[in-house]
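Here come two complexes built around subunit A, the first alongside subunit B, the second alongside subunit C.
After this line comes the complex of A and B, so read on.
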């Protein structure tokens, strides 16, 4: 790995550890391997959002050309958000692509991702299905996001109705996550979800 | 190159983390915004952000089509950064073969005001020559001494050569015309 990348990550790592956000529990950063190429980030779901109370893990891969090119970051925790793929966790955020600037750090990037959770950009979606629901049925989107936060990120709000529907599909022998995706995609209409799963 | 700066850093702050907080804060002021190390071959952008020249150069090379300041995203270019020269650091110690030396500082000569306002064939001399309705127009030829006018181009530039050439031509034309008036 290029010297400058490793050196900078080490420096950033030290700074993140001393930052207010780490002390306040907003973000966390951990090393995955010894050569500073892979890290694991953690962000707290922002208050007053469906993600409140959840903890979201992020996979951070540092390219050799860092900081001249952005780190590769994706959600490892499943999340229902217009700008995050519900399947792969890929994030659609300009600063992780063409708007990257070399003075941005892992700390500022993690905070930007946290900010993205409170301010979605449905017009520049990563997940078209989620974005459509966000625009056309915001209340249902909120419930769904809260439900996903509860199941995958340890959020506090359990949605009884949704759990029941997932259980119904589970009883039919369908994989739990697959069932949840189908139900979320079809606005929790059991019939349409079932149809899609069995066709 | 990284080793030397690391050595420098640890020399100024023994034990890495140890060292006075104040000293550290001072050092942070002079950190490159890209490598986060003390800036080497420092340059500053027009928007006021400090970088190592090698770091900034690599940033500009990485995205030639979108050259923006890595900190504030203001427009930035190779020509518009100013090198910072500290004391006692005049020689370029680490010639990075891949990175071109940082751009040189631009020095403009101060405007020279000669001690004799209104006299001499120096830079303060200005002659204009006009032809009006003959014969009255002849007298519109004027000699202006010491009038405020755009400063002369700096010595050695192409513009300076040109101006010198033109003024010589006009001088000879004027002399010929006066001689013709006298003898004709």
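After this line comes the complex of A and C, so read on.
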């Protein structure tokens, strides 16, 4: 790994560790390997959002050309959000792409991702299905996101109705996550979800 | 790229850190309006990818970058740092502005050029001195030089080939001109002129000679020995072929002008000899007195295209 990238990451790692966000439990950062090329981030779901109470893991890969190119970051925890792919965890955030600036750090990037959870940008979606629901049925979107947070990120709000519907599909022999994706996609209409799964 | 922050004594102010490499600013430049400062290498690299300030994304181009204010430079130059060669044992602690001059002469630089004292005299980096083997290095050197020599020899052979080709072409062209000359008066004039110029060029390429003893002149040289040797020497010196035979004829008193043709006339005209402009026949005790060099000499002392005088001795 290029010297400058490793030097920067070491320093940024220390910066994150000393930050008040870590002290407050907002973000966390861990090393995955000892050559500073791969890290694991963790952000807390922001309050007053459907993600509140959840803990979201992020995969951080540092390119050799860092900081001239942005780190590659994706959600490892499944999340229902217009700017995050529900399938791959890929994030649509300008600072991770063309708006990257060399003075940004892992700390500021993690905080930006956390801010993205509070303020989705449905006009620049990563997941068109989620974005459509966000725009057309915000209440249902809210519930779905809360449900996903409960199931995958350890959030507190269990949605009984959704759990029942997933269980119904589970009973038909459908994989649990597949069932949840289909139901979320078809606005929790059991029939359409079933139809799609069996066609 | 900036200096490793751990090398500095005490805390380094955040303002002296490059936001790109997170090292201490090295040869810093700043953006024009926002005045954010970066290492020259870092900001140049960044701007080549994206023409913005890496801190606030304001538009910046490479030519807009400015040197940082003196106060910032002064603060940087006052920082105390360890030497680059600290891992190799250098304990020097230096002000940042004297680091460069120290590095040039630092004893601990593992790459410092040293000359081998075991006999081969090659100059090698200090850290390779322990592994150094004179015989091996010299063998490698010989191998590369032999390679070069082979290349040169090949090139030489190729050049010779081309030169020979050129010579052949030239001969053909001359032949062609001779043929043209017979049939065309203008061409004849042109060719005559070219021949004259060729003689002048050749004459100018020869060294001046001085005859110290005119008495040593051999007026009836031996054809087989002396004349043939002179001819070869003239030919090698680049004598134009169209005059060489005439010149060789003019080695002998029987072809000499009225003022020289007998012992008696030669005695009478002795004082005129000093007027001759003589050229050395390379390597021989002989001089050329060419017409083109001696237009100032009386007619009865000169013949076309010139005289060859062979001496027993006395040529300088």
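As a working rule, the second predicted complex is superposed on the first by the 199 of 199 C-alpha atoms of A that agree within 3 Å, B and C clash if a C-alpha of one lies under 4 Å from a C-alpha of the other, contacts with A are read in each partner's own complex, and residues count from 1 in each chain.
Here, contacts are C-beta pairs under 8 Å (C-beta built on N, C-alpha and C of every residue); 3 or more make two chains touch, one makes a residue touch a chain.
Only a predicted model underlies this, so the values are computations on that prediction, with no experimental measurement involved.
K.L.:
With subunit A superposed, do subunit B and subunit C clash or fit?
P.N.:
Once subunit A is superposed (C-alpha atoms), there is a clash between subunit B and subunit C.
K.L.:
Look at A:119 in the shared chain and tell me whether it touches subunit B only, subunit C only, both, or neither; answer first, second, both or neither.
P.N.:
neither
K.L.:
Considering only the touch criterion stated at the top, classify A:199 as touching first (subunit B), second (subunit C), both, or neither.
P.N.:
Neither: A:199 stays clear of subunit B and subunit C.
K.L.:
Could you tell me which stretches of subunit A are touched by subunit B in one complex and by subunit C in the other?
P.N.:
In subunit A, positions 3-4, 7-8, 11-12, 67-69, 99, 101-103 sit in both the subunit B and subunit C interfaces.
K.L.:
So in the complex, which bits of subunit A are touching subunit C?
P.N.:
Of all residues in subunit A, those touching subunit C are 3-4, 7-8, 11-12, 67-69, 99-103.
K.L.:
Please give the residue numbers of subunit B that touch subunit A in the complex, ascending.
P.N.:
For this pair, the touching residues of subunit B are 2, 6, 33-37, 49, 55, 58-59, 62, 66, 68-71, 73.
K.L.:
Which residues, counting only subunit A, touch subunit B once they are in their complex?
P.N.:
Listed in rising order, the residues of subunit A that touch subunit B are 3-4, 7-8, 11-12, 65, 67-69, 98-99, 101-104.
K.L.:
Would you tell me which residues of subunit C are touching subunit A in their complex?
P.N.:
Those in contact with subunit A are residues 1, 4-5, 19-23, 36, 42, 45-46, 49-50, 52-57.
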